[in-house]
Structures are given as C-alpha cells and as structure tokens.
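Heads up, the next two complexes both have subunit A, just with different partners, subunit B and then subunit C.
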Partner chain A sequence: MTIVVILKQVPDTEAVVRPDPSRPQGILTEDVKFILNPYDEFAVEEALSIAESTGGEVVGICIGPAEAESAVLTALAMGVDRAMMITDPGAVETDIVTKGRILAEAIKPLNPSLVLCGREWIDTQEDALAAVIAEYLDLPHVGNVGKLSVESSKLTAVREMDGGSLEIESTLPAIVSCSKDLNEPRYPTLIKIKRAKTKEIKSVTLSDLNLAFEPPRSRVKILSSPPARQAGRVVKGEPDATARDAVAWLSDEAKII
Partner chain B sequence: MTGILVIAETRNGTIHKTTREAAGAAMELSRRRSVPAAALLLTETQLAGELGALGFSTVYTVEGERYGKYNSESYTAAAAHAARQCSANIILMGATGMGRDLTARLAARLNGALASDVIRIHYDSDPVSVVRPVYSGKLLAEVELPGSPRIISLRPNVFEPASPSGQQAQVVRLDPDTASIRAQVKQAIQAAQGVLDVTEADIIVSGGRGVGGPEGFGVIRDLAQVLNAAVGASRAAVDSDWIPYKHQVGQTGKVVSPVLYIACGISGAIQHFAGMGSSRFIIAVNKDPDAPIMNKADFAIVGDLFKVVPVLKEELIKILN
Partner chain C sequence: MLSVVEILVFVALLGLTVYGFSRPLVMRYRLVRLGRNENRFDSRWRRIVDPVTSFFFLRCSVKKERIATGLIHFFILYGSLTFDMVSITHILEGFKANFIPFGHGLTGHIWSLWVDIFAVMVLLAVLYFVIRRYIFRPDSYTYTTLDSAYIYLFLTTVTATFLLYEGGLIALHPGHARWSFAGTAVADWTRVILTTTPAMELNVRIHWWLHIVNVFLFVAYVPHSKYIHMITGPINIAFRNRNPVNSVKPLDIESEEAEVFGVEKLTDFTWKDLLDGFACMDCGRCQDYCPAYRTEKALSPKNIIIHMRETLLAQGQEHFLKPDNGFKPLMAGTYSGSEIWSCTTCGACVQVCPVKNEQFPKIVQLRQSQVLMEGTFPTELKRVFKGLETNANPWGVGAATRMDWARDLDIPRFADHPDVEYLLFLGCAASFDDRAQRVSRALIRFLKSAGVSFGILGEKESCCGETARRLGEEAVGQTLIQTNIELFNELGVKKILTACPHGYNTFKNEYPKFGARYEVLHHSQLIQSLFQQHRIRVDAGASMRVAVHDSCYLGRANNLYEPPRDALRGVPGIRLVEPAETREHSFCCGGGGGMFWLEEEGRRINAERWKQLVDLKPDAVATACPFCLRMLEDASKDAGQDGIAVRDIVEFLVSVPAPAGTAD
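Here is the complex of A and B:
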C-alpha cells in the first residue's frame, strides 16, 4: 500500500521566538534552529513500520519554503522513500484550511491507502490538518491517535479525548493524525542520512495541481509577546510555615479557596 | 450569511462549561451586531430548554443513534446543516478534543476560515478578528478572518460564561442528511471515576523529575484529591514512565489554562512553561530557589516537596472543611 506522510518544518522547541519588526506576521529566524515538527516524527515512524510489514511505498509531502528541505531530508533519512515539496508562496503563506485543500490535491493522484500527519503543528499550534484533508478528499479521519492497527481494508485506532478515549474502526483509505503514545521514532543512522540526499524530492507547484491562487481565509495581522509573568512571592523556611503562608495567599489574595 | 451559531457539548446530562463560555461570547457578538444567536444540541436533547435560556433565540436539535457518541462525520453533517439553517457567519465552540476536531472538519465542509484555541475576540472589528497563542504560547497572534463563515474554537476557562436569562428559545428539530459514516466508534473508554483530565480541570497539581519515581506521585495525587484537581506531569516524569503521557503538560503534551497550577519538583523548562504559562495563578514548590519556575510563579515555596506538599494538603483540609 502507498502511505503518504505530511511533513512540516518548525522552529526548534528550545528556540526563543521573537516577532520580526519589519514583517510583523513573521518571526526573526537568524538564531532559530529549524526541525521536523516533532509530531510528524511519530507519523513518519508509524508509516515506515506499517510499510515494513505490509510492503509499499511511503511518500512525504511538505508545504514550506525552500529552506524546509532540511526537514524533508530528516524524514527521508528516517526511511521515507521519496518526497514532494510545494514551495509556492501562495501555499506556504496561507492558512491551514487552504493548505489542507492544496495537500488534498497533491495526495489525490498518489491514491494512498493511508495518510498520516502529526497531531499538531507546534508552531501555529493547529491540529486541524487531518480533518481538513479528509474532508477535501471525502475520506474518514481519526485525529489524535495513540494506538493504531492497519489491515488491508480497515484500521482500528484509539483516539485520545479529554477525559477518556474512543476506539474507532474505519474503512481505508483514511487520514490519521499521530500522537506521542503511538511509537518511538527511530534515529536516522549516518549512512541513511547520506543516502537521503540521493532520494527524490520533487518540486510541485500550484499550477501542477491545477490550483489557482486563493487569498488566505485567515491571516496573521501581527505577532506580539504575551505579557511576561512577573515574579511573585518567594517563601522559604519550615514546611509548616510556608504551607500556611501558601494557604493564606490562596484564600486572601488569589481568592481561590 | 449573518447569524451566529454555537455548537453545544454535553457531558453526562449537563451542558459543558466550554459551551456556556461559547454562549457568553456569542451573546456579546449578538448584542453588538444585533444579530440572533442559535445553538445546536446533538445529544441529550432534554437540555434544550436549559441551553436556550443562556440567551439563544433558537436551539436546533437532532435525533438518532448516529449522534449518540461523537462522530466527526455525522456531527459535521449536522453542524453544516444547522449553519445553513441560520445562515451562520460566525460559529463558536469550546476548544475541547471534540470541539477542535469538529470545527476543523466543519471549516473545510463550509469552505470557511478556521481559528482554533482562541483566547480573545475583538468583538467590534469587522470582519471579526481574534487572538490565539502560537509557538506554544511564546507569542500571541492577532488573526484576521476574511474567509466566511468563521469557525472559531475557544480555549476553555478564558471566556466569561453566559448566565441563564428568563428567555425561552424556539426549539427546532433538524433532520440532516448524513450520507455515509465510515469511521465508527466501537467503544468509548472513560477515564477512571473521579480522574479529571488536565484540559478539563480548574486546578492542576503537577509533578516533575523532583518526585523521584512513580511512588512520588502519591503526594501529588493526595493534594489533587483535596483540591478536586487533575494531576499533571512534566515530560521528564512521563519519559521515565512514572505516569502516562496523557498527563504531560507542555509543548509536546497538553496546553492548559487552569485557574491554579501547582508545579512540584518541576524546573520550568521553556517547553513545560509553554503548556501552562497562561494559567491564571501558578504556585511552585522546588528545593532550588534558582529554578526558572521560581521567578515566574505567583507564589514560590522553596523546600522539599515531600515535606511541603503533605503539609499543604493538611492545611487545605482544615480550611476547606
């Protein structure tokens, strides 16, 4: 079976991100290290292990600027067979619903049995992708999956919800977004990192997909820093005294109890 | 397209608090724009009257087994149907697990604009614009929504809930056409009785590497129980297999905004702070006065958590009884 994995490049989780004064929708990128979205690694791992047991090809698709190639290379080094990159500004600088629509068009000709993506993009903090792609492809989706088993024509997935989980059975093809409980992503070996550079990364444009430019449905107007948290009271000493201070603070100042 | 639609969520016979919060935002929009607000109730339709009394002019209901448990396909079809009924231009829902999933699929179905986990609405801007955290809360994005309709999920615990009015809503039963359902719920697995999820709780007590092992979470759970709080954890504790991943708070765990977050034996790494930095109040218990969490907490206790947390629990029992 063919499995598609959606890839995104994001700033490293350690990164201190600051708005770019000359481009208030964007961030300063000089000192920022970029990585493959951590949840996408679970998607890649899952795709690879399914392909290893059922046979078949794993194709990565990434919307991102040319620099995002390094994230694609990470996925190729983990074992993804080949990749496609969509670098049109009309795709890179648009909203998640439009991106999902573009990805759906890119996925269609591959006719995959399964499309996997990460549970969430950690940069924009959005987790809509699986549902959006599924809707545009008129396929079922299961989001936030922590356990997955795939057979030839159906899948069983455990979807994590607030306060519990749902066991869901779906026909294939389907779209699944992957959470951390799913697996332990493999580290690419040096040889595989070298070999990744010889794998195909095909550039795909919006016009290749017969898509015209669409204005974004949502648009960041300005990024700003949230108000910094101020240091509060610091108490030390005997546990009895500090605990009593804390309780007094909770009732008199925070007014929580 | 002019109306406002709130998609309601219920839990065990009650209207979920995020629905009351979405209703609060809807009433504010409705008042300022002089447009009516409707609500859609997909399960537990006996709550239609109570829901309507939050200020809605209409409550849409649907009936049938396919709405018994959350299902993205049947719920999307019903929500799209209701949106068309009231010509919804703005659709609001709580950013719960269900809310985030449903709003995503609905946004694509209606070819609209999506804004998830919103913490502020600029009620008077036209078209409506919103604020949402990005880069794990390290920045805030003000987002314009030129697309239509606008589908917005609201972060729990942020918006003022609507209070019941004397008003009575018209209840309209819809019969949406749900063609095929391909992803079926086989089983709903509830968390153990009395175990609150971190995304649902007003108070969270969290433990990190400082609790030292799985048994160390005992004192954390004891305190959580007294406060009717959920138990959270840092990734260090989760990666050591002391507690399951669903408790992890942070950039690659859950993002939470409780009223009170009590961090015990957690240093406050940037990735952890990303998940809980927007809590209304933070208490930290840490033996290292220089741990990063200590100058971000509203109340920082320097001390051994195994000594402090049990006393804190006892003191709270005294005052709460």
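Here is the complex of A and C:
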C-alpha cells in the first residue's frame, strides 16, 4: 500500500508575523521560525502508523520554496520513506486550486491507496486542498477526520462535530484530511533526523509533470496585521468612588452601557 | 604443630580460598571492562591520596548522615585490619610450636591487649548492626539482607573462634596471656570445663582449625557479596568524578559513526559507571535523601545502581559464555519510565554516597537514549522540546515576545553598550514566568540603584540549554549552547550575571566543555560582594524571621551556600532560620531536572519541602532560584499558607510595585 502525505511549511504558531512593507502580500521572514504545518504532522503520523501495520511506502509531496526542505526533513525524520519537492515559483506562488491540480499530477503516477493531508494550513487558514486534489484525481474525499481505520479496500473515518459525530465509510483509494484528534505525532529523534538526511528528496518541476505555467486566477493582494490593542484603563481609589467612575466612563465615553 | 596430613589439608584449603576469592574478582574486573572507555586518570596525585585517606580515616562513612554507624565502622575496619594480622600470626602459630606473636616484651603485651579490645569491639559492632538491621529495619536496609546476615555471622564466628582458641592456649600456657583480658576470661572457663592436658591440647587444635576455616570462608565470601566494597570502594573513590558534580558530559551528536546516543544497554555505560555497581554496599543513604523516593515515586537512586549491577552480573556472565548474545535494552526489564522520569537531578544521592557513586548522571544518560533514539518520554515534554527548538524557551512562547514583560522598563541592551561590565542573562523563567518576571523587575531596579554596569540580550536571548540537556535532549541543548556561544563571542561577552542557578551552573560548568569560558556570577554573589565592599546599604525594615531554602544548583552543585545568606544578612531586621535539611542536605523543591514541566506522580515534592520550611514558623521564605520560587509559592498556595511570602533574595533588598494589571 502506497500512502501519499501532502506537506507544507508554515511559520511557527508562536511566531510574530509582520507584513513586509516592500511586498504587501508577503511577511517579514527575519526572526521567524518555520515548521511543518502542525495538521500535516497528524497526517504524517497517521500515514506512518497505517504503513507500519499494513506494510507499504509513505511518500511526502511538498510545494514550497527551497527553504521548505526543513519541513520535508521533519517528515522524513518522523519516518516518511521518501519525498518529492516542487519548488517552481509558478507552483509556490499560485492559488490553492492550481496547487491542488499540480499535486494531483504529482500523485497520479504513484497510484496510492490513500492520500493524507492536514485539515488546513495554519498560516493562510485554507482548507480546500484535499477537496481540490480529490476533484482532479476523481477520488472520494473525507475531510476533517478525527479517527481513521483502513482496511484493504475501504476506510472508516469519524468526524467530530458540535453535539455529535459522523462515521463515514469510503472506498479506497481516497483522500482524507486530518484533524488534531487523530493521533499524537511522534517525535523526530536525533537518530532519525540523521537518517532522514540520507533519504531521497526528489525535485520535481512543472514540466516534469507536463504542466505549463498558468497565472493564478485568485491571489493575495494585501496582508495586514490586526490593529494594535488599545491600552486599558486602570481606575484607582475607594471601591464606591471607583465603581462610580467606571460606570460613568463605560456609559459616557465608551458608550458600552 | 600441624601434622603432615594437616599441612596438606591446610594448603588445599588455602588454595581453594585463593581461588574462591580471586575468581569473582577477575569476573567483576572483566564485567567492568565491558563498559565504554572514559579517562579518569587526570589529577593522579589526588586520585591516590583521596582513597587512602578515605579508607584509613573512614572519610567515606563518617559524615553527617548516619554518624553513629560511621563511627562504629571504625571498629569494623580496624578490627578487620587487626584480624588480617591475626590471621598471619595464627597460621604461624600452627606451623611453629610455641610461636608467640610479638613476643613477651612490651610490643607483645600491647598487641595482646589491642587484639582483645578489637575482638570485643567487633562483636559489639555486629550486635549494633544486627539490632539496627533486623530489629529496627530502616527502609534503606531492605535489600540484600542475606548478604548482611552472612557477613555478621562470619564476623562473629571468626572473632569467637579466635577468642576460644586464644583462651584455650592461655589455659594451657598461662604465660601466653600477657594483657589478653578476653583470652584470660575464656581461659578461666576452659579450665572449668576441661581438666586434662590432652583435652585442652585437643581443644586448642580444634579451635585453631575452626578459626582458620572461618577466616578462609569469610575471605572467599567477600568478593561474592556487597562486601567487595572493601576493595572496590577505595578504587571507586580513586576514579571519582573530579569535574563539577552537576555537569552533563557532552555527547558527540555530530558523529556519523555513533550507533547509540546515550545509554541504551549496559555496554553503553562507561567502565566507571559499571564499577559503581560493585562499589555500592547498598547502604541506602542516596535513597534516604532522594526527594523522589521520599515522596513515594518509583525512583530510588540505590536501585539505579543495584539493578545495573544485577543486570551486569546476569547479562555479562551470559555474554562471556555466549558472546553472540547481545545485551538487552536497559529500559526493557532493568529500569522503568517512571523511574527515570522522576529524577530532579538535585544531586543529593551523589552528595551523600560514601563511595562517590554517580547515580543521577546515569539517569540523564538513560534519558538521552530514550529521547534521541527511541522518542519515548512523557508526552508533556514534546511541547517543551519543540518550544526549545523553535522558540528557544521551554514555555514554547514566541521568541519575539521574550521582552514583552519589560515594555515599560528601560533596560540597557548589551549590543548597544558593549563597554558594560556584565551581560545580565535573565533566562527563560525570568522572561516568561509571571512570578519570576517580578524578580527580574526587582533585580533590574537593584542593579540600577547599586550602580552596576550591565546590559541584556533582549529578544536575542536563548535558553542556556540546561533543561533540554537534563531531559536528555542533547541535540536541542547543544544547538542552544552553540547559538549562545556564537552570540556571546560576537558581542564580546566576558562576565555573565544571572539570577538563575540553572543558568549559572550551565555557563560555569558546561559551556567550558564547548570551548567557551566566561566569568560567571550569580546575583547572590554580586549582592554579597557589594555588601562586603560597603557599596550598598539597606534601610532597617520590620524584624522578620526568614527561612532559607538552598537551590540544589547553587548549593550542592556549586558550593554556594554563603552568598544568598550574606545577601539576606545585609538587610537589617532579617533573622535567618534554617530547616533541618539545609545546605548540602537541602531538600529539592521538585522543579529541577526538567521536572518543572512534568505532571508529578504521587505526593508532591514541593509540598514536602514547604512543610519543612513552614515548621520553622517563618514570616517569609527566601530562595535564590526562579524555579524554587515558583515551586514553593505553588506549594504555599496549595497548603493555603500563602500568607507566608516566598521571595527571591533580591526582593528583600528592594521593593518593586507590581506591574499594572497584575494582582499583588
């Protein structure tokens, strides 16, 4: 059984992301640490544990700049067998539908039984990728999965929702996007990081996939930070007086009450 | 005089004894040699002097902990040495008629008295040990009780048969008595029981044989048992760790050949680690002082050593028979996860061990293999490791927000003022823990008012690497160390000042192993010297009883007991009170060794320490470590006793208003 995992590099969850003044759709990357998209880690873990029980190969595919190799290495260190990287600017800087199409072309020759990816990218908060790939590959798609079991020709998945859960059955091959309830991703140990460096990362270009560059039909125009929080106001003094002051301020100035 | 047949029997027994004694010794030597190489041959002079003085003055066991047992050991040691001599004279007496050790002169008289005194003392000492071990049965002695029973039996039979032999001899030849008071008493009884000369001659012959057979059995038994420590103890002290106590040995993480990082199986330990197993006499002092054991956790430092020894004896001997049989992973059978993940690396075990065993460093090495090879560790730690890796702090909070707590403060940056004297390394706790942030505020106000010239790194500051290394994440730890060293060198840092004992220990004792030496100062040392130079003065405040809590990494690890006390003594009105377990016996707060980040199993260590401190009825508790501060303050809240303030030493010197928006 071949399992494909889609990988993406994103800024660390704790990073302070600031727009780049010279490039309105980009961010300042200085002092920002990049990591493997946390939801993709759940996908990697799930792929590895399925491959461990059923046997088979796990292949990672990543669209991203050359620097995204560190995210691919994380996945390889976790145990992914080999990886493909598509670094063409035409693939990196395009919209999600085009990315899905490129990934679908890259996946096709591998003929996988299962394609896994994270339920969303934590940077741009896009969550359509799995559905797009499913469309291009004409595969069943199960999104936002919190529990997964795979048999030889079908899978059973559970999606948690408000006030209940859905148990979904699908034929294989299929594409599944993973939520954080799915598993506890393994830790990339030093010894595995060292071994990861010897694993294959194949560079794939758009022309290798017989695709031509197409300008993106939708694109990010401006990236902006939320407005800075206003300073709070401290009211000091005796409780009776401060309560009166606070109420007066809330009603007269802030117009809240 | 022995007959020819008796001489032949004697020679045969002697041969058997030599074989019985040397065989286990040779086996143990071979077992120890299974360990990895390690150079313990530096400072040779001290390595000769230390074991000799430890042996003859019993510096090993005559220490504050168990002083009575230590002193009674004197009788056992000097009794044993005396009876070694007696064994020689005893044999000579068998071979040479009328041989009298040291003759009838003064030397002979003194010798006869000396031997009898020690014969009696050894018997009394055995009585003490028997009562203690089998009647009072302290928890530390619940292991190898059979070993002890044998040795007590041998000590008794060897001494008793000697006295019976000596008494029999004196009964026959009263002139032999000299000052043998015990022998004379036995002789009186002998004469009552045996009336004829042939009977008395036979009696002497029987007891000559009984004594020598018992001596031979004793000698052959020793190396099979924990009493091998008579030999291995001094050797272990000779090869003791002469580096700072709490400094993790750097692993060569760049190595491409290394198959194992850390200790996975027995043969990953060094020969010195394995030797520890044979030097241990199961006394249990380490266990008595272990904060994890004392709060009913799975860990006993004694078992770390004993279980290593047992595995070595079993797997090692099997390996010699079938060399193809590999060694099993230690975490499969020898040790458990709850054992190795409850050590606070407080160092109390190493501190109190009479033979200088290195208990907790083994735990760190086991953690290394679990983290670097297996990826098996308590799940909470993944966040810690990832936080350290991506944001250079164990809280995992964004590195860019490191100075957010100090937005309202004007703190000079080292990079802008390279001529300042100290780099003030705040550390992670001081930057991300809200309680420790208040200490940072007090410290900065203090430094400014005392006119100390300093600068900070700001957002460029990274964790010193301490937590990662103690948790076995050597790769992350070394990356942090390299990052810091590069930055320090680029900025030209020479003196580092820090309020965190963990950072202090790491910069002082671990960075040099990575080629970076700085003058490192803990803030307590700076305050101490400012007082000594009369450069600061604190106005008299209210009189206050302050209980002192020693940080393990300041005290045991670096022998800094006076600086925090001197800092407090400089404040008029403060009277220091000390808990029973203080200074080198200080009981850990429970937060060291990365345990700050783990859910604690069973009773809480900080609650245990808090009880000890509260018993002193203090007005406040003083610490000099942000982790101790947090652990003890949490304990005070859990106990509903937060009326007793827990403060860092610097907070007794300056008062700082709470920053806006926090409750004080």
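The criterion applied here is as follows: the second predicted complex is superposed on the first by the 226 of 257 C-alpha atoms of A that agree within 3 Å, B and C clash if a C-alpha of one lies under 4 Å from a C-alpha of the other, contacts with A are read in each partner's own complex, and residues count from 1 in each chain.
Note that in this section contacts are C-beta pairs under 8 Å (C-beta built on N, C-alpha and C of every residue); 3 or more make two chains touch, one makes a residue touch a chain.
Keep in mind the model is a prediction, meaning the values are calculated, not measured.
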item: Touched partner set for A:I191, first subunit B, second subunit C, both or neither; value: second
item: First, second, both or neither for A:P239, with subunit B first and subunit C second; value: first
item: Partner chain in contact with A:E14 - subunit B first, subunit C second, else both or neither; value: both
item: First (subunit B), second (subunit C), both or neither touched by A:D40; value: neither
item: Touching partner for A:D31 - first (subunit B), second (subunit C), both, neither; value: second
item: More subunit A residues in contact - subunit B or subunit C; value: B
item: Touching partner for A:D88 - first (subunit B), second (subunit C), both, neither; value: neither
item: Intersection of subunit A interface sets (partners subunit B, subunit C); value: 14-16, 232, 234
item: Touching residues on subunit B, where the partner in the complex is subunit A; value: 11, 69-70, 72-73, 76, 96-98, 100-101, 103-105, 107-109, 111-117, 129, 132-147, 182-191, 195-197, 199-200, 203, 245-246, 248, 251-252, 255, 259-260, 270-271, 274, 277-278, 281-283, 289, 294-304, 307-308, 311-312, 314-316, 319-320
item: Residues of subunit A defined as touching subunit B within the complex; value: 11, 13-19, 27, 38-39, 95-97, 100-101, 122-132, 134-136, 139-144, 146, 156, 158, 160-171, 174, 179-181, 215-226, 229, 231-237, 239-240, 242-247, 249-251, 254, 256-257
item: Partner subunit A, residues of subunit C touching it in the complex; value: 253, 256, 261, 371-375, 377, 379, 382, 385, 387, 390-391, 396-401, 459, 474-475, 660-661
item: Touching residues (chain side subunit A, partner subunit C) in the complex; value: 12, 14-16, 31, 33, 35, 184, 186-194, 232, 234
